[in-house]
Structure formats: C-alpha cells, structure tokens
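Below are two complexes that have chain A in common, paired first with chain B and then with chain C.
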Partner chain A sequence: MNIKINGEETKLPCDKPTVADALQWHLSALERKQSFAVAVNSSFIAKDNYTTTPLASNDCVDIFLPIQGG
Partner chain B sequence: MALNIYGQHLNSRLLIGSALYPSPEVMKNAIIASGSQVITLSLKRQNPAQQAGAKIWQYIKDITAQTNGHLLPNTAGCKTAKEVVTLAQMSREIFNTDWIKLETIGDDYNLQPDPIELLNAAEQLIALGFKVLPYCTDDLVICQRLYDLGCQVIMPWASPIGTGKGLMNPYNLETIRMRLPDATLILDAGIGKPSDACLAMEMGYDGILLNSAIALADNPIMMAQAFAAAIDAGEQAYLAGIMAQRQTAHPSTPTLDTPFWHQT
Partner chain C sequence: MLTQQEQIRYGRQIMLKQVGEHGQLALQNAHVLIVGMGGLGCPVSLYLASAGIGKLTLCDGDHIEASNLQRQILFTPRDIGHNKAEVAAEKLTQQNPLIEVEVLDEMFNEELATCYLPDIDVIIDCTDSLTARYLLNRLSVEFQLPLIIGAATGFDGQTMLIQPSDKNACYQCIFPETGEPQTENCQTIGILGPVLAIVAGMQSLTAIKYLTGNQVTSNQLMMFDGLSQQWHHIKLTKQDKCTVCSN
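So, the complex of A and B:
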C-alpha cells in the first residue's frame, strides 16, 4: 500500500497496515524511542492508538518532534 | 509577589522563548540567567533520523530540571483552529502539559493573529481540557471574549513578533489592564528593550513573554539579566504607586525662606 510519511511517498509491505506498522517500517528502533507525536491526515493519533488505527491508501502520516520556539 | 498561571505560582514574571540563540549552550545559559521558570517551545514535522529535535529537546529538559521550570508549547505556524487543535494534542502528549500558547496567524506579513480562528480554537481547546494562553492583538474586545471563554491568561502583543518595536499602543494595553483586572495579563511579542518590559509592568501587567530581544542581543546572557531586573523594577514601581502626572511645574525644593527670594 502506498502512503505518505512526512510528505514522502512510501510503500508499505502489507495490505492492512496500522500507524504502528508505518512507524515500524519507517523508523529504526532507536528513532522510535525518541519523543515524537503523530498525525494522520492532519488529525492527532495518540500513542495508545497506534496499533489500532488503520491506514488507507494515500493516507498522510506526519511525525512531529520538539524544536525551539518563541 | 508570584505570577499566577492557572493556579501555578511562579517567582519569575518572565516567560522566555528557546529559539534564535547563537547556540544551544548560549540558550541554556541565557534562560538560566533570566531566572525564568517558563520556557516556550514548539513542534515541527521532521524525521527522527535528523536528530536535531532530540538534541534541542534534551537541552530544554536539562534547563527545566535545573530551574524547576515549566514548558509552554506553542502552536506557531497554525492558521486554522483545526491545525491548532491537532498540534496542541500532540504537544500535550510529548510535553506532558495542559498549557498551550495559542497562536493562529492570520496574516503572513505581520504575523497578526486571526481573531476569528483564535476564538474558535480557544473554545475547542478549553473543551478538550487545555489551559490556554492565547497570543492576540491589543484589541480589548478580543481579549474580553477570550477571557469570557475561560482563558485565565491573556497575552496581547506589544507589536508584531520579532520587530522589537516595543509598545506600539500603550493606550490599548492600559485599557485592557483596566477592563480585565482579574485576568493574568502577559505582554507577548514585539518587546525590544528592557525598558519596554518595565513600562508594561508599570502598567500593572503580570508578566512578559519574549524571545528575540534576548536571543538576538550581542550578549544574550547579559540581556537576560537586564530583562529580569527591568521586570522586577516595573513590578515594584507598579506596587509602589506611581505619582500622577501634572500639567504644570511644581518645585521640589520648598521655596519659602530660600535665599534671595526677595530679589525676584
């Protein structure tokens, strides 16, 4: 299935992926330990729901990390 | 006297941003020198492989541990209430705080908040349990509406973000203070000099939020100390009671029996 992760086309090697599958595919084990949050199609997905939130073809998964701010 | 942010009492009345410093080490030292107990930060879409976010986040965590500080995530870059709500929810999960500095930009040229989206976003965030600190213009009615929605803290601008122009409309800011006596008012954005911060505190503002004026100084650490001193001075002046202005001169020195009085 094709989705976008942070704006980049990504092909996931499964038919019924979840958010957890996308993160597993896209991030290393070390990267998954970092502080980040996820939105799918501009809606927040809580960490507890990664494994139960299904993805559809062309969904946009965005990963957000802390940065400096004013 | 302590600064009250949603029942959290803080010794410092300065809230400080974490952006634009020459280096993370200067950021850390400037924030510590400022005495601030509230640090603003943000979220950005990025790949964890880049590691930049993780490094900055570690620096900020170190600072808050050292200062017993609080995080104030912002919604910088958002233009709609929907974007704000998504970013705020992500911030709450990562930073483990209900505080959110609400920003909804309505104009890219002067980064002026969009008042319609601001009110809409504030209402939604409060319904979701957030403690909202909205950044707004110095429009009394917008400030009043935000307060009526349940925003205990209101943060009108001094002037557009990053301009350093100081208090463009002191009359508006004084009016907001007078009309919202029970709100926690924090002047946010546009501060350029410590005297700007002092002036707002002399008006009775409860605190100052700034970033560029410290981060872009030639010596950010020294400037952080200057702002801390100016904010303390302004607060003490307000509490002490500033004399009323008078239209005509009044001699300070008693004139009765002064030498040579009879010669005039």
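So, the complex of A and C:
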C-alpha cells in the first residue's frame, strides 16, 4: 500500500497496515525509543493507538520530534 | 483610563477594533513571565515590552557570549559576559519606560515558581532545553496558567499554546517524557535568526491576543519549515492517561 511518510511516497509491504507498521518501517529501534509524536492526515495519534489505527491508501503520516532550542 | 502619552504611544494598536482602549488597558494590567532570554526571548520580550505589557519578568541565568550575537538581537559586543536577563531589562526599559521589567538572574525552578507564578497571567517558554519545558508544562497545569511554548533549531520551529483544562492537551500529552536524552539543540545543529523571529512572533501574537480577550487556539501544534517557508498544523487531543494533566 502507498502512503506518505513525512511527505515522501512510501510503499508499505502489507495489505492492512497500521500506524505501528509505518513506524516499524520508517524508524530505527533507537529512534523508536526516543521522544517523538505521530499524526495521520494532520491529526495526532496517541502511542496507545499505534497498533489499532489503520492506514488507508494515500494517508499522510507525519512523524515529528520535540524541538529543543531557542 | 489611558494617559495622553499612552494614547499616542499605543495608538496604532488601539486603533484595531480587536484591541481598542479596553485591550490596551488589559495589556497594561498584565504580568507576563518570559523564561529564557536567548534567541526567542529577545524578540518576544521586545514585542511585548513595546506593546505595553504592564509588567515583564525575565528569567535567565546565562551570560552573553559572542556566539549569541548572530540571533539574540537585544545584545551587543559590549554586553558579553553580562547576565542576559539583566541586559535585556536595561534595553527594554529604554525602549518602553512606561512598563516595569523585573529580572530573575537564575535558571527557573520550582522554588521560583512557588514565589512568582501566583502573580503571573501568562508564561512564555523561550528556553532551549526539554527539561525546562517539561518543568514549565507541569507548573502551567499545577498553577492553571496558560503557557506559550516556542522552540527552534536549524530551519524548523514549533509553537503551541497550552491552556490547562479538562479538554486541552498539554505538552506531555504529545511528547511523553522518555528519559532518553535528546542531544540535538542550537549548539549541535545550528539555527538561523529569522526562524527564531517567526516562532517568537507567533508566541508574542498569541500572548497579545490572549491578554486582549481575542480567540486563541489550544490543542494545536504549529510546526514551521523554514526551507519550504510553510506552516503545518497538527490537531491535538488531550490524553486520558497523561501523567501531568489528567487525574
């Protein structure tokens, strides 16, 4: 299935992917341990819902980090 | 009542129907705490001082360094070595002698919070560390005070208004503390001054709108990408299991 992750076209190798699959695909094990947040089509998805939030074709997944600096 | 001097000085914003004399008086009665007087704190404090916020408390324990001058626009070479909050207060008082500027020349902590927050109307987070932001987030919820967060590194900025309530998300709802250190900051990946100005402008605008009774938006993380020069808004939801803002 084709979705966008942080603006880039990405093909996920599964039929019924969830947010968790997209993260597995996009982030390293170390990155998954650090603080980050996820939005699907600009709506925030809580960590507890990663495995239960299905993705549809052409969904836009944004993975973003807390910025530290000022 | 506004004095004639105030009428003249603030005329261009009083002219706006969303501000008016009523809004100007609200600004003059407000007390805003700015935590962090670096790249965000400099422009935020300049805009709020010049707009006539009645009392500003500036908090920073750092001293000015030569490498700050590229973006911390209140400071000049002769200020190097001096405390940021102290120097800023001096310059802001010159810019607007009608307001009161108070200095806390140390890093913000729980002890200062207990002493100062009861008198504050809005907290503005201009700090450069996540540890400080998590502390301010907790205090904002504890003292039920609006917190306007800002952060920027490289070409990227983020800003968010937290208005503690049973419906509004806090920072911890979005980025739960992991205990894993975040190593990237302005020192490690760099920063452009105008990116800070854009985030600081948004923070100042939110503060002025909030204090003048205009509508402001909670549950929204605004992210700025300086390369494409575009904003991206993320709709947030309060988390029932949040360790900071939910019971």
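As a convention for this text, the second predicted complex is superposed on the first by the 67 of 70 C-alpha atoms of A that agree within 3 Å, B and C clash if a C-alpha of one lies under 4 Å from a C-alpha of the other, contacts with A are read in each partner's own complex, and residues count from 1 in each chain.
By definition in this document, a residue touches a chain if its C-beta (ideal position, glycine included) is under 8 Å from a C-beta of that chain, and two chains touch if they have at least 3 such contacts.
Note that the coordinates shown come from a computational prediction; the quantities given were computed from them, not determined experimentally.
A.B. asks: Put the two structures on top of each other at chain A: do chain B and chain C fit, or clash?
C.D. replies: clash
A.B. asks: Count the residues of chain A touched by chain B and by chain C, then name the partner with the higher count.
C.D. replies: Comparing touch counts on chain A for chain B and chain C gives B.
A.B. asks: Between chain B (first) and chain C (second), which does A:N6 come into contact with in this model arrangement: first, second, both, or neither?
C.D. replies: first
A.B. asks: After superposition on the shared chain, which partner residues are touched by A:L27: those of chain B (first), chain C (second), both, or neither?
C.D. replies: first
A.B. asks: Given the touch rule stated above, what does A:P66 touch, chain B (first), chain C (second), both, or neither?
C.D. replies: both
A.B. asks: Contacts for A:N58 in the overlay, against chain B (first) and chain C (second): which applies, first, second, both or neither?
C.D. replies: Neither partner.
A.B. asks: By the touch definition above, which chain A residues appear in both interfaces, chain B in one complex and chain C in the other?
C.D. replies: Of chain A, residues 34-37, 39, 42-44, 46-47, 62, 64-70 contact chain B in one complex and chain C in the other.
A.B. asks: If we count contacts the way the header does, which residues on chain A are in touch with chain B in the complex?
C.D. replies: So the residues of chain A touching chain B come out as 6-7, 27-28, 31-32, 34-39, 42-44, 46-47, 62-70.
A.B. asks: Would you mind writing out the residues of chain B in touch with chain A in their complex?
C.D. replies: 17-21, 27, 40-49, 52-54, 56-57, 60, 73-74, 76, 82-83, 85-87, 89-91, 93-95, 161-162, 210-212
A.B. asks: Flag every residue of chain A that touches chain C in the complex, lowest number first.
C.D. replies: Residues 33-37, 39, 42-44, 46-48, 62, 64-70 of chain A touch chain C in their complex.
A.B. asks: Tell me, which parts of chain C touch chain A in their complex?
C.D. replies: Chain C residues touching chain A: 36, 38-41, 125-130, 133, 150-153, 156-158, 169, 173-178, 180, 182, 184-186, 189, 191, 196, 199, 221, 223, 232-237, 239, 241.
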